[in-house]
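What follows are several structures.
Here chain A shows up in two complexes: once beside chain B, once beside chain C.
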Partner chain A sequence: MTDDIFDPHDLHPDDFLEEVHSFEFWFQSVDGYLSDRPHGRLAASNDVPIEGAGREALITTLCNYCVGETAALEGAGGMISIAPNRHSKIFLATQVVDEARHLEVFLYRLRELGVVDTEAEIARRANPNLLRFKDRLLELVRTADWAGALFAQNVVLETMEAIAFDAHAQVADPITAQILDGVIKDERRHLGFGENDLGRLLQDDPDTRVRLGAIRQELDALVLAAFDGALADTGSVREDQPTLGRDYLATIDRLGLV
Partner chain B sequence: MSDDPLQSAAPSKTDRPTFTLEDRGFLEVPKKWRKYYRHWEGDGDSLAPNEIVCPVCKVVIRSRREIRAGDRLYCMPCMSRLLVVDDGTGSLALEVVY
Partner chain C sequence: MADFLSAYTIQRWLELCPQGYLADTVDGHGPDEIEPDILLTDDDMRTDAIRTTVQLVAGERAALAASSGLINSAPDLGSKTFLATQTLDEARHVEIFTQRLYDLGVKPADLESTIDHFVNPHLVKFAGVLLDKVNSGDFIAGVVGQNIVLEGMAFSVFEMLEAGSRELNPKFAHTLRGTIADERRHVGFGENTIGALIRQHPEKKPEIEDMQREMAYHMLMTFSSSFAEGDSALEKNRQTIGEQGPADYHGTNLSTASSEDMQAVLANTVVGEFETRLARIGLEYQPPVGV
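Let's look at the complex of A and B:
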């Protein structure tokens, strides 16, 4: 069989969409970068001692990652029933598995750091802005607002998470950095699904665009405040934050939601 | 004949340099597609004439042919359908096609 048969750029658009939304594509993709990483890290990795203020900050950050991942897990699960087509339903099923894995590896990391009652610790350290964001996202899902839920979860939350995780991974201890690296690879699919599916939906639909603009005004403040706190806790370089805002705004601009 | 409007409007692919793609360790797509993508390696990295950066997920997309304005490319890691355009400064850029 020649290479020509496998050139992805020669696929018909319908075949491309079917391929990248498929469970098989997801399975073969995650097999490539997760199969040798129990709990999200290489088996041979050695942990380094993390103590004092650094440990406290990392616990707070991981607790808030757990809030975000729980929101995405519950959101993606609920969105399956309101997704408008089978491609989206199948993709969201893979996202549910990804989000569950993220939550699990972050909880495991919290226990490694000495947190015994992870539920209580998350409740104690959760950022109120992130909790409000979660409530609003799940309200959009409950009211079967597909465009609103897709925008809130797969554009706003996923984009912010991907950028925050990437910034954190640059300064994190080796184990946490490996965990974040695997999560970021998953987030690429989630945010890409959000932008592209929403982009198709918004074509020639100015009413939805106006409505999403209003949702954006409401959610931006919550999620930006939450991730600003998370980045400060991780010790990420403050100068990175204009980049964070620029990448998010570029997505918003491409979707015409400015 | 393709019924994809982007593909049918694309410039000819038979009169340009071609490249043999090697796997660059990109693991985020199934094996058969991996050599068509790679990670940007930061300072000191540069793009070959058959490479361009995805505006959505920042992965480097690779083609077996020199990339030219009008080409249609896919970014499988973020599921984006893309059109190569001249950015007005003599460089190439990608527009997301929804």
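Let's look at the complex of A and C:
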């Protein structure tokens, strides 16, 4: 007897996109790591006391994660109207909920750390380079630049977040580490969408590749400055900052898009 | 507003919706539920089912564009989060109603041409009025148009279709019950969010009322032409429902009512909903002229 294991890669390319960009596929993907994890962590998890400079550093880091996730939420939401086909619109709708969930679990964690007015605290601690990144991303969305927005959102921003979250998860307290673990799983899916869609788009479009190269130069500078600035507040990862930047640049290079 | 928004979090949405009433469904219905044979074999009824479903896809596409488009202009993170859940709800509706078109025999390659062929031009204009507000970043008008007018209409249409399908087509009725549960949540958000904002910005009232009047005009014209177009299939539909028992919708038996009576009960129900919901946010229903 053979096992009938469904593999979407066996599908025709059009059917594959219909399958992997669907609500059903999204729900099956996230159900495994969210069903028993209210607010992104196992219900039975015990928190450890975080005080003094460690608490301050974590609050600043989480506030900047919220800036990044708000940018991702607004970016993905705006991209739905400029997406070129139904599959992409449906996928982006799943991404919108993922980004909103990330924002929500980080806000919840901030409240656990004693932050009362989270929106004011985020505004106070936001890294200016991240805010500039957000403005540039939303400008690409507003001008209906699908390739530019997809590159900025699903490649650059997702890579930056994945690398920062992964590094932080290695040294974070148990609750924050669990939250980051779930977020990273989502980010991988988003990056995969951006990489695949842009890969197809760039195959026959050298002009767009050149244009994305210019956008990359502009955004790389903001990402590296954001690493230098925002993560400098987190003593636990300070020594890793050059590594974070290198990892980010190497990951973008490895994708081979621009 | 923060306390009220705590009922609309992603966490609550996950528990209520995908992990709640959608658990164990595929495309919104039971895995073993299928379209009844008569809808697949009778040309008139199949065409009528396709025409009806196309309107649902068109409405849900507008709702997807509107809810996602409102995220950027939402004034706080809680509202952005709720609109994210609504965006995915609407995308799911697009997906399940598109799947229904496939189940009715529409080929994926013919999807867009089928929609273009059957979509009601007044429904397209209805969506256009809403999306103009959304695209201009007008959050208050956008939420009234989306979560009160569009959702109020969709809610009543889905309820009527569900009542008429319960006996004839349990698969479609099951699909509709999930969307009705979603729409109920969306309407609640609109009422709670916008009431306070309209009290802060009373100067917005005339512009919003103009939008509502125009949307109501196109909605009623959509009902009028949709019931007229579906007349040939109505008799067969009614006979089938009649054979399987009465289908009550707000006191009207859908198995015996004329198409005019059905149109009237739907229009009266939706307008009644509008009057109630608009009054809750401090607006008065504006009846359209010339309908």
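Here, the second predicted complex is superposed on the first by the 220 of 258 C-alpha atoms of A that agree within 3 Å, B and C clash if a C-alpha of one lies under 4 Å from a C-alpha of the other, contacts with A are read in each partner's own complex, and residues count from 1 in each chain.
Assume contacts are C-beta pairs under 8 Å (C-beta built on N, C-alpha and C of every residue); 3 or more make two chains touch, one makes a residue touch a chain.
Owing to the predicted nature of the structure, the values given are computational and were not obtained by experimental measurement.
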Please determine, from the superposition on chain A, whether chain B and chain C clash or fit. fit
Which of the two partners, first being chain B and second being chain C, lies in contact with A:Arg86: first, second, both, or neither? second
So after the superposition, what angle do chain B and chain C open up at chain A's Cα centre, nearest 10 degrees? 100
So, A:Thr94: does it touch chain B (first), chain C (second), both, or neither? second
Counting only touches as set out at the top, which of chain B and chain C does A:Tyr33 meet: first, second, both, neither? first
With both complexes overlaid on chain A, does A:Leu103 touch chain B (first), chain C (second), both or neither? second
Thinking of the overlay built on chain A, is A:Arg246 touched by chain B (first), by chain C (second), by both, or by neither? neither
Could you say whether A:Leu202 touches chain B, chain C, both of them, or neither, answering first, second, both or neither? first
Looking at A:Arg124 after the superposition, I want to know if it touches chain B, chain C, both of them or none. Which is it: first, second, both, neither? neither
Give one of first, second, both or neither to describe whether A:Arg111 is in contact with chain B, with chain C, with both, or with none. neither
If you've got the overlay open, could you tell me the nearest Cα approach between chain B and chain C in whole angstrom? 13
Indicate the residue numbers of chain A shared between its chain B interface and its chain C interface, in ascending order. 24
Touching residues of chain C toward chain A in the complex: what are they? 9-11, 13-14, 18-19, 22, 26-27, 64-65, 68-69, 71-72, 76-77, 80-81, 83-85, 87-88, 90-92, 94-95, 98, 108, 135
If we count contacts the way the header does, which residues on chain A are in touch with chain B in the complex? 3, 6-9, 11-13, 16-17, 19-21, 24-25, 28-29, 32-33, 185, 188-189, 191-193, 195-196, 199-200, 202-203, 250-251, 254
What residues of chain B sit close enough to touch chain A in their complex? 2-4, 6, 21, 27-34, 36, 55-57, 59, 63-64, 71-81, 96, 98
Which residues of chain A touch chain C in the complex? 14, 18, 22-24, 27, 31, 34-35, 38-39, 66, 70, 73-74, 77-78, 80-81, 86, 89-90, 92-94, 96-97, 99-101, 103-104, 107, 118-119, 138
